[in-house]
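We call the chains A, B, C and D, going by the order they appear; numbering starts again at 1 in every chain.
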Amino acid sequence: MSSRFKLFSDPVHGFISVPRGLILRLIETPTFQRLRRIRQLGLGFLVFPGAVHTRFEHALGAMALMQEALMTLREKGTVMATDEVEGALTAALLHDVGHGPFSHTLEEELLPPAPDGTVHHHERMSRALMARLNDRLDGALDTALAIFDGHYDRTFFHTLIASQLDMDRLDYLRRDSFYTGVAEGVVGVERILKTMRVHPAHGGPQARIVIEAKGAYAIENYILSRRLMYWQVYRHKTVVAADHLLRAAFARARMVWTASDPALAATAPCLTFFLTSGVTAADVDRPDVLDHFVALDDTDVLYSLKRWAEARDPLLADLARRFLNRDLPRTTFLPAAPSPETIAAWQARVAQWLVAEGLSSVARAEANTAYVLATGVARNDAYRLGGDVIAILERDGRLRELSEAQDVTAVSAMAGVVEKPYVCFPKAVALPLVGTA
Amino acid sequence: MSSRFKLFSDPVHGFISVPRGLILRLIETPTFQRLRRIRQLGLGFLVFPGAVHTRFEHALGAMALMQEALMTLREKGTVMATDEVEGALTAALLHDVGHGPFSHTLEEELLPPAPDGTVHHHERMSRALMARLNDRLDGALDTALAIFDGHYDRTFFHTLIASQLDMDRLDYLRRDSFYTGVAEGVVGVERILKTMRVHPAHGGPQARIVIEAKGAYAIENYILSRRLMYWQVYRHKTVVAADHLLRAAFARARMVWTASDPALAATAPCLTFFLTSGVTAADVDRPDVLDHFVALDDTDVLYSLKRWAEARDPLLADLARRFLNRDLPRTTFLPAAPSPETIAAWQARVAQWLVAEGLSSVARAEANTAYVLATGVARNDAYRLGGDVIAILERDGRLRELSEAQDVTAVSAMAGVVEKPYVCFPKAVALPLVGTA
Amino acid sequence: MSSRFKLFSDPVHGFISVPRGLILRLIETPTFQRLRRIRQLGLGFLVFPGAVHTRFEHALGAMALMQEALMTLREKGTVMATDEVEGALTAALLHDVGHGPFSHTLEEELLPPAPDGTVHHHERMSRALMARLNDRLDGALDTALAIFDGHYDRTFFHTLIASQLDMDRLDYLRRDSFYTGVAEGVVGVERILKTMRVHPAHGGPQARIVIEAKGAYAIENYILSRRLMYWQVYRHKTVVAADHLLRAAFARARMVWTASDPALAATAPCLTFFLTSGVTAADVDRPDVLDHFVALDDTDVLYSLKRWAEARDPLLADLARRFLNRDLPRTTFLPAAPSPETIAAWQARVAQWLVAEGLSSVARAEANTAYVLATGVARNDAYRLGGDVIAILERDGRLRELSEAQDVTAVSAMAGVVEKPYVCFPKAVALPLVGTA
Amino acid sequence: MSSRFKLFSDPVHGFISVPRGLILRLIETPTFQRLRRIRQLGLGFLVFPGAVHTRFEHALGAMALMQEALMTLREKGTVMATDEVEGALTAALLHDVGHGPFSHTLEEELLPPAPDGTVHHHERMSRALMARLNDRLDGALDTALAIFDGHYDRTFFHTLIASQLDMDRLDYLRRDSFYTGVAEGVVGVERILKTMRVHPAHGGPQARIVIEAKGAYAIENYILSRRLMYWQVYRHKTVVAADHLLRAAFARARMVWTASDPALAATAPCLTFFLTSGVTAADVDRPDVLDHFVALDDTDVLYSLKRWAEARDPLLADLARRFLNRDLPRTTFLPAAPSPETIAAWQARVAQWLVAEGLSSVARAEANTAYVLATGVARNDAYRLGGDVIAILERDGRLRELSEAQDVTAVSAMAGVVEKPYVCFPKAVALPLVGTA
């Protein structure tokens, strides 16, 4: 009674048919299974209680959308080899396999910028893990890697994996909207996939993914939804606050590290490695880094925070306790980036508070404000002009870049990066803020 | 086992609780029951097969949203009298009771512009029918009428009935999206209602409906959804084509009217009244006009078309048959309004075709092109600046007009009227069109 | 930019891909387009306002489910020829094309039982219309007809068209649940289709459709949902009341028919044919019967009722008016079928009422009670043992009939026909009812 | 701009309005926040990837349904005091606060049966934690506790908290169905709540919760859905396998416990307490037990398993590794409970395998089979006759127990406990199984 597919029940896309063979084998690896323990939305669950969904199902979902996309493209005349299909599915499945605990939140805390300026990005880790799996599987991922890297000559495959309209974004917007209950984030994924084609259809090196004119409104809606999900979910001010709190706890743990404190000694071993061994973003391909990285998941972080809540350092203990009990700082968006004088004034207040609370000595108070007072800029680039723009195939046969296409007037208003300066600070401290939101 | 409410099962909002008493009594009148036979989306069902839903459920839905809105506003401190609540519910329920067959499609065909320039609008008919019901119910609708008319001193009630963010729009966008299957039209109705308040809360004459800042994204999404539903559904080119075809059949029937043709004589009596008695938009309040109007519904139109398909006049018969069998003309959107010369050239072609098809004598051919060749402009005003703008209550306590509020950058790009010229013509005629969509 | 498919947006199944060629051509025929004007649920919309959906979309939906089913069966190793696939899709599309106005409600009123006892069933009409289309299309429907008739040697195709688990039922349960808002009717269509297979897989004459054991719960739920939808929707007591009222109006119109009453003379012509020409269920294949039948739809019925509301016969006028204004009789389910004495007593009361209301002469009052007092039995056969039972393929490789399969204990309790006697009578008459529900 | 409610966005019920004051304060306690880290469905996520939802949102959902239920009951004439409403909401919110890691899975591993036979049940822990919160809040939970305990004189409140039709079940069925994507589990929660009433309405000590006859089908569907969710989700054979594996790892850790193995020494401290201090189900009210219990969540379990994967004991290390990598044993349901001889034969095989794999010494092999070979019985009691049965208020005013009510024939077939014996064993061992499923 066997079948060529194994079915997974997905609340978002319904049944997902996973081809037995390479794809299923990859799913069964510990490297992939670990994604079951990594929350897709990082700390979003602290604002949206249902958003505890994981990278595991997102990866399955991206692969399922790739299946649908390829079916549509083939139906419209683009011929593909079996190896290409498997490569594209594999690349979609593994594109996010390099995510660490809580997805984006801790990237820089685990692998700090290298002296040479290299900054960590999870895609580099995905690449490294895929390469390792490829070695173990005797090159079975060669095509997937070529597609992932953008080296495959039929470049439209890469577009489906990594672009402003890739399977990753289509899945995560739909999925995150589903689990957060944010109706405004609903995207017409089915319509977008149905109006996709390769142009010209032969799919040679110059051919590209385009959207037929009748799909332009769906794309416009997709851009707006993405923008909206950024402000309403991904950059929600309470999520920003939680991110800062968690990162501060990690920074503090790194700073006060001592094996003589049992609370710190009890840190999860793979985390200890990243906090104490000096590895940086430049070391992603080192085997020991990979070994420790694939051992990491949300569990290690939450567990370690529970230990740190008993740390001797009162500030670390305080940060950890607040995180666990969701006693979060306040984030306020600002009309403009604060001046150095303003920041200095805020720091003075916060330093007083740190001392009063017993969280810092007087001597270190000013330096320690960095753990509880943060300024930053929330960025949102719903759609970038330049680079891998989205192309609309107009009814007259011409290609137009999305923001220049007919009727989708709202796109250009959403193009470019929007920045919102903010400050994040303890709720108990009444910062003098003017004209804020 | 009685209850103060009668439940209606609505696939969009779930159970709707209709208060027994005035509201239920109004629903049971023939004037209201007739809405069960009037399609909400006019001819939209010819493109979206599921969109056969009716004004009846939309009216119930608008009332249900009004219930939710009032509950939220009261919960935020705005006190309301029982009479006001009933008035607002009644006004929401009856706001569209003046719609005729296929909603907007035939408004001008049934009640043509009056010599004094008066143009028909369904709201005038709603007003007239409400007034009539009020007479019969001894003034029970006095408050509802005052709210509907905008004469009630607490003006925020009127805003909930008729504005750019009223219960009508919230219900129809949500509902039309549901029945057409257009996912992009999904609007976060619940969030919008939850972030509404009266400001200041006492709700005096100057107080107005505002949206709290945290609801601004939901409003932006609502504007985009409205725009998108216009192009994708309400002004879908095949819907435009069907509208023209139906109107042409009516215009032709009016023109060739003769009681000696059995097919015309068999026209539904209440339609015969509107086609032959010379009433115009200025006669809306005449009792005989009201009597005939409330006797009309989609049934009369479809039935009459089936009769006209056998009319002696070949053109009328052809128009009717095509409509019934969904053999629709083609609509093409144009880059610019066509010049008189272009139109004349098109007319010449179409006139030839009419003669060749036996649908017109040579002598009348040019005049008759009006029935099968139409140019026009599709308009879409997702959001109008000026007038009853939507107000956002910013976090700093200030009110800002929506397009000037923080973070909702796409709104101004969608404000104002967008116009798309188009031409609608028989598919069998190859019009020479350049640069069209 | 053409594609092999035309997309229809369906709110229930999403996009439906209709193959261009035969299937699309069939959809474009007047015979099929007329289904857009026939409500799927008959008079169900009088209880569930959203349930105005049509046979048109149900037919598309059944075809779409057939596409999915065939895809699954092929994926599990059952080879099919192109002609077989097209035949199965065509049969699914046209299986209900023989439905008349309001689907089941008026079957017997339009084509009464023949003297030889033949009773009308819409499937006979579907067969006749398919045969006619086949003639016009030079035999393109030969395979579809063989499958529909059960003559095709690979019998499993017929099972998918007409059995206790066919595409018809799967679509209508899902669809009717959607439009009525009855959540309990939700059926796991996707799971059922995914667990279907042909056994043995070669699909020879003895092979049959079976459900894998892991789908047994979904089937049990489907049976319960069907039962529940019968009582809660299809046999809802108010729907039963509306059915009786409409049938009574037709019976009365037939009885008092006279061309001298303008209201009757204004009856829709194709209805006039069925009411006055003496055709019966035995005449389904007569060309003139087919011609008139395909000209009929809900429009003609509603239109004629509006005319009859002005009939000279007060009883007919009363029945028609009540129907249009939804002033329905009351249905009461009874603990047992009433005795002849009870019925006689009820008739006496109702006869009095008829006279008092001026709806009948004294002389005819008793006979006329038949139009306003009806007893009957509502039947519900959620699952029939015997005949085309549903087969479960157990994990040990054996086939078991559903009610004998492991773990689905509720099925046998739902098997067999359940009957509920009822009486339907004017609300204004207080019938002495004891122990009723 | 404050409001009396704080909104939570819930993907299942939409916005949940949490009253500020006691309810919100309870949600903010660490005791309650910890539910964010406890998966509602235990190990169900290993089969249904989306089912990582938590007790936190379930508790909010049960409270939200309680709000709706109370609103309906009041609308039907049952008067309630503010204190009663708050008590009922509080009891709904906290009814599951005593759940430990992975909900039910580890109950007996953490708090083994006491010598006096006491077996742990999470409700006892909920009770103890509520009592502790009550102490801290100066008796604010007095009414909630009385309702929870069943001591409150208006007993219908208790029925809403703990019965066969309580808010707990309504929420979890709806929610688990949503996150698993099992469409068959959909329950008409809204209809059930709308057809609930207190009978007689005054709500005195003898008054009870009843369902009006028109809701009986929805209840029948609810029972079937519950049964179906048991077999398809809660007792899914792979979930059963995962449960056994996790429990075996805990049993083994307890058995081989030694602080000298660094892997065991690294066990989460609060787990260490339960594994080594000898506490039992009889100690639930001990302050130190409560302290350690509220410190526990899924994190501690997963973290400890990651450590145990390096344990010196090869069997423990193997169990832990398999769990983490989802290399699960096989569960097979059996036609009957296996005989002692059969079990002995199985044990012999498994013992051989343990030795061959290096997981056990020869001497201990037979005893160690307990960790990898388990027989058991999966139980499912969709509806229990006797005790707190569900009462239907028939249309004639009589109360009938559900299985005796009219028309719901499938209920009695689902009443009573269904048991399915099973065996769970390593996939690598080919057990000789006959007639299994």
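The rule is short, and it goes like this: a residue touches a chain if its C-beta (ideal position, glycine included) is under 8 Å from a C-beta of that chain, and two chains touch if they have at least 3 such contacts.
This one's a predicted model, so the numbers in the text were calculated from it and none came from an experiment.
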| item | value |
| --- | --- |
| Partner chains that chain B and chain D have in common | A, C |
| Most distant chain from chain D, judged by the mean position of its C-alpha atoms | B |
| Chain A and chain C: spacing of chain centres that average the CA atoms, whole Å | 51 |
| Interchain centroid distance [CA atoms averaged], chain C/chain D, Å | 43 |
| Centroid spacing, where centroids are CA-atom means, of chain B and chain C in whole angstrom | 32 |
| Junction residues of chain C - those touching two or more other chains | 14-15, 182, 190-191 |
| Interfacial residue positions of chain B with respect to chain A in the complex | 182-184, 186-191, 213, 217-218, 220-221, 224-225, 227-228, 231-232, 394-396, 406-407, 409-410, 412-414, 418, 420, 435-437 |
| In the complex with chain C, residue positions of chain B that touch it | 8-12, 14-15, 28, 30, 33, 36-37, 45-46, 48-50, 52-54, 56-57, 60, 178-182, 266, 268-269, 295, 297-300, 302-303, 306, 324-326 |
| Touching residues on chain D, where the partner in the complex is chain B | 1, 3-5, 7, 14-15, 75-76, 190-191, 194, 197, 212, 393, 397 |
